[in-house]
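So the structure is just underneath, and the comments pick up after that.
Should a chain be cited, it is by its letter among A, B and C, assigned in written order, with residues numbered from 1 in that chain.
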Amino acid sequence: MLRGFTIRRVGGRTLTVYLPVVFIVLVMLFPFYWMLVTSLKPIQELYNKQASPFTVLQPTLAHYRYLFDKTLYLTWLKNTLIITMGSTLISIAVSIPAGYALARLRFPGAATLGWLIFVTYLVPPTLLFIPMMQLVSALGLTDTIWALILVYPTFLTPFGTWLLTGYFRAIPRDMEECALVDGCTKTGAMVRIAMPLAIPGILSVFIFAFTLSWNEFIYALTLVSDASLKTVPVAVQAELIMADAHMWGEIMAAGLLGSIPVALIYSFFVDYFVAGMTAGAVKG
Amino acid sequence: MTRPKGTLLLKAAAGEGVAAFPRAGLRAVAGLLEQDRFLGPALMVPALAGLLLFVAYPFVYGIWLALSDSYVGRAGSFVGLQNFVQQFRDDIFQKTLANTFEYTIVACVFKFIFGLGMAAALNQRYPLKRFVQAAVLLPWIIPTVLSTLAWLWMFDSTFSVFNYVLKRVGIEGPMWLGERHWPMISLIIVNIWRGTPFFGVCFLAGMQTIPEELYEAARIDGAGSWQKFWHITFPLLIPVTTVVMLLSIILTFADFQLIYVLTRGGPANSSNVLGTLAYWVGIYAGNLGGGAAVSLTMFPVLAVVILLTLLALRRG
Amino acid sequence: MAKVRLGQLVSRRDLLKRAAVTAGAVASAPILGVCSPAPAAVKERELHILQWVNFVREMDEEFIRQAEGWGKANKVKVKVERIGGSDLQPRMAASVQAKTGPDIIGIQANWAWLYADSLVDVGDVVEAVTKAPVGSFYDDIAMQAKVKGVWKAVPYWYNPGTYVYRTDWFKEAGVTTLPKTYDEFYKAGVTMKKYGKPFGQAMGHSFSDPNTFWYAFLWSHGGKEVGEDGKTVAINSKETLAAVERAIEFFDNVWTRGVLSWDDSSNNRAYLAEELSCTLNGASIYFVARKDFPKIAQNSDHFGILAGPAGRYGQVLFGHHVIMNYSKNVAVAKDFLKYVMQPDNYSKWLQSGGGYMVGPSPYHEKDPVWKTDTKVLPFLEAVSSKVFRWPGWPGPPSTQASEALVRYIIVDLFAKACSGEFKPIDSVNWAERQLKGIYKG
């Protein structure tokens, strides 16, 4: 090992390994550092062209305090959490049986139905939002949290079903077949045997759905207008523009705080997340 | 076996207060649910019902809207293809259509290239590997609106941090969001920043499934790094590439948040994509029919891409 | 054996439950969506008001103070919701479309015309507001609020703009007389740009500043959106072309960089960052300077609306209150508006703004707020000199003018030529096409 440890070798590794990796990490994370610095800058430094944008001389928590005292930020966080959890749970509850059916059961039209669910991606929210407004209004759901809780599963379920179909298929049939022989019903086998084994998959779906739901914008923008019902992404870009000016300190603070739930969940479950992302791509 | 089952069920059902179900009926249902051809569709009902109500119905309704002269506050009447004819003649729409293609194609090509590079760079040995691999995915994880707001401030016409740095080396930075072609470039830059990790991680996962033996064999045969990449890595990544690329095209083509926050489609409607234009026409100006027509223009392109994706998945 | 049976029970119940939840959610949604108020006897009255976020925070705080005070005294639960100015219009459109939302909306400009069919007749409120000693409204405000002879809006405020400028830099650069015409303004601008502190004017899609400057610019150079009949599109004229060419000269030689993407806040920030020496704006720049950047405030003052070859015209933001006809609290809403417009209450609100807003009637020109700081007097002068016109002038306010306003046709007429996207004549032709599309319908 030490034999190969020449200066040239280290230099080579620096060039081909360390430098690129550091560069990539810097480029990917720089905007977040930027958000942090800006959120801590007092107004005088913020709007001073001479001040260095990279450091803050007199950090202040004033922007954060403003966020919590003078805006509905906590309400927006609460709304986003409720909507995200609600829609995520619904989509999981719906994807599990659907995924199991497509993976395990043989019935006419199975293949077609599977494709049909996937084909939902043909109609992304940007295509549907105008008629969706009318539908939600006809259901009397405009300006309610329910509007989003019920509508979000439409783009969460297809991916969840697809993912879970893959996971269920990957589970060997033996255990379920044993259970069936022992007198278990098919639905029993699904719930008691297959589901516990597919928990990694279910977790992936949960995390993915959570992230996608937290990230959603256009439905939240068009279906809910009441300020006290808004989600964080919509509220941050609309409600923090005051006094002829964007309140950049507050906006960056809000952005950072609003990213934390997703970042936290992500950091605890990175592997599940990556597994979810790559499942479709790699396992195909 | 079935009789005790039925009795217990009945007792449970009674216990839950659902005593109305006749024993025979319940047993019949129980029996049906044992058969795939009933259980299958039954399990799919929630998903299908939801999608029918909240996807299929709005889609059809959207088509009707696009063929009508509906305005906010006024009911519309059927006007045929009038909205489409008008929009294809309109300068703003033509520019928007071109923008959407430019945005999608350029961003996806670069995301592909950078994603490959990222995967190659990360697929080596270095300290804190797990942390690094988790950290680089953050741009894709963090809500787009929130990170785009950071870019909005970074591109600010007065306080841009990029211009600050450029000024230090004597270059006059551009008006990132205000001058000629720069708004589109800025949009593409932010999209690339956000989307590259998605490509990178998928490629990385793909690379990690390539057996080490292949590289060993190649090394013994005298292949250099580039040859190893070109003859082993790249071909084996093609299935992943295809799926990831097609998915990315769909998401990029139908993008809304990034453009809305960064440029709002401006200046003077010169950086709109179909999603944001549909919003301006339909919601801002109140022309629901026109807005629905703009949205629907996305459909043919998405249909082609989805078809290709399905074919690719089938093969893979 | 028992375990298996338990499993069956769980699974079947689960299935049924799951199905019930989904079905129940969909079925109960309409019920949940509708606010279920308490039984009529114990009902507390409610009032939901939507307003923009005022550029001067203190005015919003005063309004809320009055609203809550009134609410307590009259046993009404008042909810004041605020939204950014640029998002106000789509919010209103959504409410109109869904037939649900705020009871009172603080609208701007000529939106009363755009949404007239969805608004309540407020003639009785206007009558109460305009009786002695207040008297009638300014003509231009009244024209926006009275749609085809019916009062659909209660005028609320008048937000004039003037040019804030740096007295110290003007002196140093040798600009000794304040510009009164666009030509003089141009010459001063060229000088100041050479001095290193240029002027700047927004040309982006923002509801306030761009419209304020560019509508006035068009009119002052003789351009017209539509004829006096309010129907014939008249934008394609040699005056308009000359105005566009003049705008390009401003773009090349006077404005600072980046104005094409500027919104309402950009010139504020640039001025307070000491980048600009002059810009057209409401008094908000000066007020923020007074509070946070005293050095800038001491070296700033205002001059009035400029005149062009065709006359002296301004465009300005008016605010009105409307009551939506889907509202179930119309009587309450009317009472509230009468309260807010009572001379004493209204004066308190004006004073909280320190001269940022002007009242909708000449009566309020006598308000004590104008005695607090001489530097804001040019704002009053702008109003009393009656230079302000409305979008769609010289035609009457109309739905079409409203649509042209929210689609920024006039702003883009200049922006597209300045950005180089169109040659001047092509930009004029483009604007004509767009306007013809709007005015034909």
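To be clear about the criterion, a residue touches a chain if its C-beta (ideal position, glycine included) is under 8 Å from a C-beta of that chain, and two chains touch if they have at least 3 such contacts.
A quick note: this is a predicted structure, and the numbers were derived from the prediction, not measured.
*Asks:* What's the contact topology between the chains, one of line, ring, star, complete, other?
*Replies:* Shape = complete; every chain linked to every other.
*Asks:* With contacts defined as at the top, give the pair, B-C or A-B, that has more of them.
*Replies:* The comparison resolves to A-B.
*Asks:* Determine the centre-to-centre distance between subunit B and subunit C, using the mean Cα coordinates as centres, and give it in whole Å.
*Replies:* 36
*Asks:* Quick check: how many Å separate the C-alpha centres of subunit A and subunit B?
*Replies:* Subunit A and subunit B have C-alpha centres separated by 12 Å.
*Asks:* Which positions in subunit A are in touch with at least two other chains?
*Replies:* Correct list: 47, 49, 93-94, 97, 133-134, 150, 183, 185, 187, 190, 222.
*Asks:* If I count partner chains per residue in subunit C, which residues reach a count of at least 2?
*Replies:* 8, 12, 15, 18, 22, 26, 94, 97, 269, 273, 275
*Asks:* Mark out which residues of subunit B touch at least two other chains, giving numbers and ranges.
*Replies:* In subunit B, 30, 33, 46, 50, 158-159, 283, 288 touch at least two other chains.
*Asks:* Sort out for me which residues of subunit C touch subunit B in the complex.
*Replies:* Those in contact with subunit B are residues 5, 8-9, 12-13, 15, 18-19, 22, 26, 89-90, 93-94, 96-97, 114-115, 117-118, 203-205, 257-262, 266, 269-270, 273, 275, 403, 406-408, 411-412, 415-416, 419-421, 430, 437.
*Asks:* Any idea which subunit A residues touch subunit C in the complex?
*Replies:* 43-44, 47-49, 90, 93-94, 97, 133-134, 136-137, 139-144, 146-147, 149-150, 179, 182-185, 187-188, 190-192, 222, 225-228, 238-239, 241-246
*Asks:* So in the complex, which bits of subunit A are touching subunit B?
*Replies:* By the definition above, subunit A touches subunit B via 16-18, 20-21, 24-25, 27-29, 31-32, 34-35, 38, 47, 49, 53-54, 93-95, 97-98, 100-102, 105-110, 113, 115-135, 150-151, 153-154, 157-158, 161, 183, 185-187, 190, 211, 214-215, 217-218, 222, 232-234, 236-237, 248, 251-252, 254-256, 258-259, 262-263, 266-267, 270, 273-274, 277-278, 280-282, 284.
*Asks:* Would you mind writing out the residues of subunit B in touch with subunit C in their complex?
*Replies:* Of all residues in subunit B, those touching subunit C are 4-5, 8-9, 12, 16, 30, 33, 42, 45-46, 49-50, 53, 72-74, 86, 91, 157-159, 175, 177-180, 183, 263-270, 280, 283-286, 288.
*Asks:* Can you tell me which positions in subunit B touch subunit A when the two form their complex?
*Replies:* Listed in rising order, the residues of subunit B that touch subunit A are 1, 30, 33-34, 36-41, 43-44, 46-48, 50-51, 54-55, 57-59, 61-62, 65, 117-118, 121-122, 124-126, 130, 132-139, 141-147, 149-151, 153-154, 158-159, 161, 164, 193, 197-198, 201-202, 205-206, 209, 239-240, 243-244, 247, 250-251, 254-257, 260-261, 274-275, 278-279, 282-283, 288, 291-292, 295-296, 298-299, 302-303, 306, 310, 313, 316.
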